[in-house]
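Following this line, the structures themselves.
Next come two complexes, and both contain chain A; in the first it sits with chain B, in the second with chain C.
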Partner chain A sequence: MKKNNRQAYLFIAPFVIVFLTFNIYPIFLTLYYSLTNYSGMGGIDQADFVGFNNYVRLFSDRYFYQAFFNTIRIWGLNFVVQMLIALGLALLFSDIRLKLKGIGLFRALFYLPNIITIASVALLFSILLDWNHGGLNQMMLSLGLIDRPINWLNSPVYAQSAVALIGAWMWFGNSFIVLLAGISGISKDFYEAALIDGATWLQSFKYITIPQLKPILLYVLITSIIGGLQIFDLPMLLTDGNGSPQGALNTMVLYLYNQAFKYNNFGYAATIAYGLFFITVAFSAITFRTMYRKQV
Partner chain B sequence: MNKMKIARVIIYIFLIVLVIVCFIPFYMMIVNATRPNSEILRGFTLIPGDALLDNYDTLTSYMDVWTGFRNSLLVAVSVTVLNAYFSALTAFALVVYEFKWKNAIFVTFIVMMMVPGQLGLLGLYDLSETLGILDTYWPLIIPAIAAPFTVFFFRQFLITTMPISILEAGRIDGASEIGMFHRIVLPILMPAIATMGIFTFIGSWNNYLVPLVIIRTPRLFTLPVMMGALSGSPVAMNLGAMYLGIAISVVPIMVAFLFLSKYIISSITAGSVKG
Partner chain C sequence: MLKRVFQFAVVVLGVFMLTACSEDEPDLIVTSFTDELQAPIDYFEELHDVKVDLQIIPTENYVNTLRPALESGSGAPDVFTGEIVYLKDWIEQDYWENLSQAPYNVDEWRSDYMEYVWDLGINSSGEVRAVSWQTTPGGIYYRRSIANEVLGTDDPQAIGELFSTMEGLMEVGEQMKASNYRLFPDEGSISPYTNGANPQPWVNDNDELVITDERLAYFDYAKELRDMQYTALAPAWSPAWYASFTGPISYNVGWDELDEDEDPSDQTEVFAVSLPTWGLHSVLKEEAQETAGDWAVTNGPTPYFQGGTWIGMYKDSENKDLAFEFIKMLVNDQEFLTDWVMETGDVLSYYPVMEGVAAGYSDEFLGGQNHYDFFIERAEEIDASTVTRYDQQIDELFGNQVSAYVEGNLTREEAIDEFYSQVVNAYPQITVPD
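And now, the complex of A and B:
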């Protein structure tokens, strides 16, 4: 029996007040800024209402398109590498014939990079990937893999790949754990029945593992998209914070941050925030639909 | 079954190589933190040097990393405690009582869980300026009171584990509602609080963007912001000191992970896999 009690309002009051003040209100405030030419300084009263001008600008802003495609490329490479490793590991560790030991230890070791402060990781790699004195070039030179140093962070392709691979390094352990839990949850009866019917390993993988894993894959994919579209710390700290080299690390949130706090275009930065929001919603919706359309 | 044995050995070798690849960046960081700058410039080695204390002096003469450490700890602990307590209180009210707008509140939660944090960032910055709390920890800490995801998690947990009859028995014995929350509900929720608490703590500890925007005074910098400031500072001239600064921000978390890893890993799947 539930009780109708006035104290309930008292109990949820802190949540509701803080939620409205620090969550909902700033979101609407940002929406309002996106319709003004507010610079971010001297108060909003000094800004003019400009209607949808900022949104028109967003659609024709080649730096925003650049940021969008950079973000997608970085996320895409990161996701492919991360999932290949994670799924491979999950299949190895769940294989009933292999019976690998030490799952607990390997899970912990592979997961560890995930909890390290990204700002520290970015700084670490900014000096490890340094052209002259970076650890990676020094190591590859002394192993004879290259004969002169490679300027990793001066090449758009290498710099974007670096961000993607650092991301994959930080996240594959997490995906591995989630996928392994998902695979372990699939009933063994399916596989035994398939074995009796003479199915190959590949067939069981394609017709049992993947379909059964769909909700988990969807979870991993959506959380990865939402997180990936918001990438900021790594591109900000790996190079000069302006998207170097040649704008290759200009991601959407970095662009937002720079517009707001370096170039004092608060109104336009607010528009970028909403652009990012709509893109996130669209991507999540598309993912959700494609993955569930074919379901029987 | 000999084929299986060989396969197993190959897989173990592959796994160990993967572990080594994963840890080389950290190992290089620790080794280089102990080497003088001149040696680091000359080449790479896997053998530690003897310049740890010199590097430490160079680093701390410019930047007080331990203050950053304390700041991060203060923020992360406050965030974790507020997040746990008020989310539990809200979840308790949602599960135990009937009241107006209950479903509306719940639907709002679900919607808000999808909204990326950046959406309100500029508004939060300006609101903080209006309230005069810019360059303080309040804008980092107070929002923790309203964490929809934690409330959602606690609500699901309470629905499955807390018998309502226990509260009715309490009422008959004359316990107050808030007293029952403290003495009955909070203890029941403890496993869920631990699960969410670890992630809330790590999330706050690692947060870079929000403190970067809110905090201006170097003395108040949290560790990630301090790391960001390190790259453009005079310390960057001395790579040994740089590596040491990064190591100081990383190693304690690694050590903490060693003790908590079992717990953390079982929590990861709690959010994604049901049953």
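And now, the complex of A and C:
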């Protein structure tokens, strides 16, 4: 019995070692960094211990708040649009009355934007959205929709919407697949029974699909929150990487990155990382509680 | 049985790792952010019968990839390059070897080099940590055919005369506009000349942000360029910017109500662009072959420089002798550098070669102009004492606020206040004007 145990430890050792070295150790090291003014250069021993100064600064840092609200706004719009499209399509493709064909093809097509490298997506859209020479403005001008070009990436509202919608375009296919799988998992008996009982489409959606889909929706929501709060690549690449226009694309992780790698404030960047961590935990906890409130 | 299999696997893995390590170790490892050192390395390998590995890390990742290696010493190269952007930071760290000490004694070379290039490699203790073979002064490249048509001459001297003041630039802008040309692709083309009018460092020795009227004039000149429609709205490094060097680009901003009698054409052609020496080879000759021979280069209102690569050896390198030989060849070998110039057209900071090459040179891309003469003259006017470690980032923050003002998103005062607050956010130790 005892021997078996020892072998078990041996088997989990690789994972534990990797986990301790690459997850736990950095987490605590980051905590330590966040209490110093480490510049990222010349070794941590040259940094001064500053206690909770960085955390005090974080609470009064308007750029951090700006980054927080930008991130929420971009994620919010992205999530709403993405879910509307994904859920709508998933319902359409799973409807027992419609029996749509070619689902395999569409699943692949919808997922396609997700496998393009973000760098390519950002380049593509920065060319499309270019003010004076971009395809979108040229098209809208020639269709007579606008009479002067709109400087998309220079307006905070348009720039944030652009990031949110590009994100939605990239991710709706992924949510679609997950939701479709969830809906397919709901027993057809429910719908057939509802049909016989004369339930409308809306009623079966409200009283069968949504409650049955709850765990899947929760999964999609939480992964989306965690991913959405960490949005970095598109805002970084779509404009100048500083959050232009006027800080509208300054997201939390972009802010962290710039503080660490552009301005060499590693200590403060570590503090931002902890701020981000607590925000993510709080959001996930709130989501979890709201979704399961009634059942408890 | 299972134990045997496991032991066997470990032995196989060990043998594999050992062979992987011992495979053909290079004698020297050089790290840089472009492949431009490949040719010198090939030459060096043949000369000394050694094997040199060039590791290229893309510019965007260069600092973040290389710095941990330099800090920890594991995986650090023997020789590595650095850009002006972080040069000031790096020479103060213990990354590069002190080349002033014996047996290198590079201070003896000093008089052969352009002063500003040499000085930038010296740290605050007076030690040379990095050296450079090139110099990167800037100028204004312009299209000869357009100059002839609009200004009646394409002579660099005469055009330089017109460009020698900001007012002169604006005047040319007006003339260009009247013929449906644009002076510059974007407003950024004038930024080097605003601080140049009264060169001051961004941050002084007391960690104070230095703001001069000349610096702030960038707001007004940029606004003027935009409002008067002297630019083609093609931001630097955008596809439209590259396209502007070869022919007409689209220009349909729909400003009609601003200017009733504007040429209705929705195309315009760009006359000139501010670029440093390397812009000729890595931008114009690469992207504007269609207009080859139609270009010339002249001065703007003030001298400036942009970019530049410095090189040094890692302080704990185990191959210091060979590493120094390589650096010496790259920056101090007359024969090699003469070939290098002929090959690449680079403008060198090393006088013994430049003096020979510059005499009687003519570049076909520039319609036969001798740009070496021009750039060497410009380089000598450069003062490197205003370079600080903050330049790249603060320039970027400043430029962003200027464009927010030019776009009409912020007033001038709001933009300046926002700039101050961003500087403090990035560098809490810096004090800004009230």
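The criterion applied here is as follows: the second predicted complex is superposed on the first by the 282 of 296 C-alpha atoms of A that agree within 3 Å, B and C clash if a C-alpha of one lies under 4 Å from a C-alpha of the other, contacts with A are read in each partner's own complex, and residues count from 1 in each chain.
Simple rule for what comes next: a residue touches a chain if its C-beta (ideal position, glycine included) is under 8 Å from a C-beta of that chain, and two chains touch if they have at least 3 such contacts.
Every value quoted in this text rests on a predicted model; they were computed, and no experiment measured them.
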item	value
Which superposed partner A:92 touches (first chain B, second chain C, both, neither)	first
Touching partner for A:83 - first (chain B), second (chain C), both, neither	neither
A:138 touches, of chain B and chain C: first, second, both or neither?	both
Contacts of A:149 with chain B and chain C, given as first, second, both or neither	second
Touched partner set for A:270, first chain B, second chain C, both or neither	first
First (chain B), second (chain C), both or neither touched by A:127	both
First, second, both or neither for A:35, with chain B first and chain C second	neither
Chain A residues touched by each partner, larger count belonging to chain B or chain C	B
Touching partner for A:261 - first (chain B), second (chain C), both, neither	both
Touched partner set for A:61, first chain B, second chain C, both or neither	second
Shared chain A surface residues [contacts with chain B and with chain C]	40, 126-127, 132-133, 138, 261
Contact set on chain A toward chain C in their complex	40-43, 57, 61, 63, 126-127, 130-133, 138, 141, 147-149, 151, 154-155, 240, 242, 244-246, 258-259, 261-265
List of chain A residues in touch with chain B within their complex	1-5, 7-9, 11-12, 14-16, 18-19, 21-23, 25-30, 33, 40, 44, 85, 92, 97-98, 100, 104, 106-113, 115-120, 123-128, 132-133, 135, 138-139, 142, 169, 174, 177-178, 181-182, 185, 216, 219-220, 226, 229-230, 232-233, 236-237, 253, 256-257, 260-261, 266, 269-270, 273-274, 276-277, 280-281, 284
Parts of chain C lying in touch with chain A, wherever the complex brings them together	63-64, 67, 71, 89, 93-94, 232-234, 238-240, 243, 249-255, 393, 396-397, 400, 403-404, 407, 409-410, 418, 422, 425-428
Residues of chain B defined as touching chain A within the complex	4, 7-8, 11-12, 15, 18-19, 22-23, 25, 28-29, 32, 40-41, 43-44, 86-87, 89-90, 92-94, 96-99, 105, 112, 114-127, 139, 142-143, 145-146, 148, 151, 164, 168, 177-178, 181, 202, 205-206, 208-209, 213, 223-225, 227-228, 230-231, 239, 242-243, 246, 249-250, 253-254, 257, 261-262, 264-265, 268-269, 272-273, 275
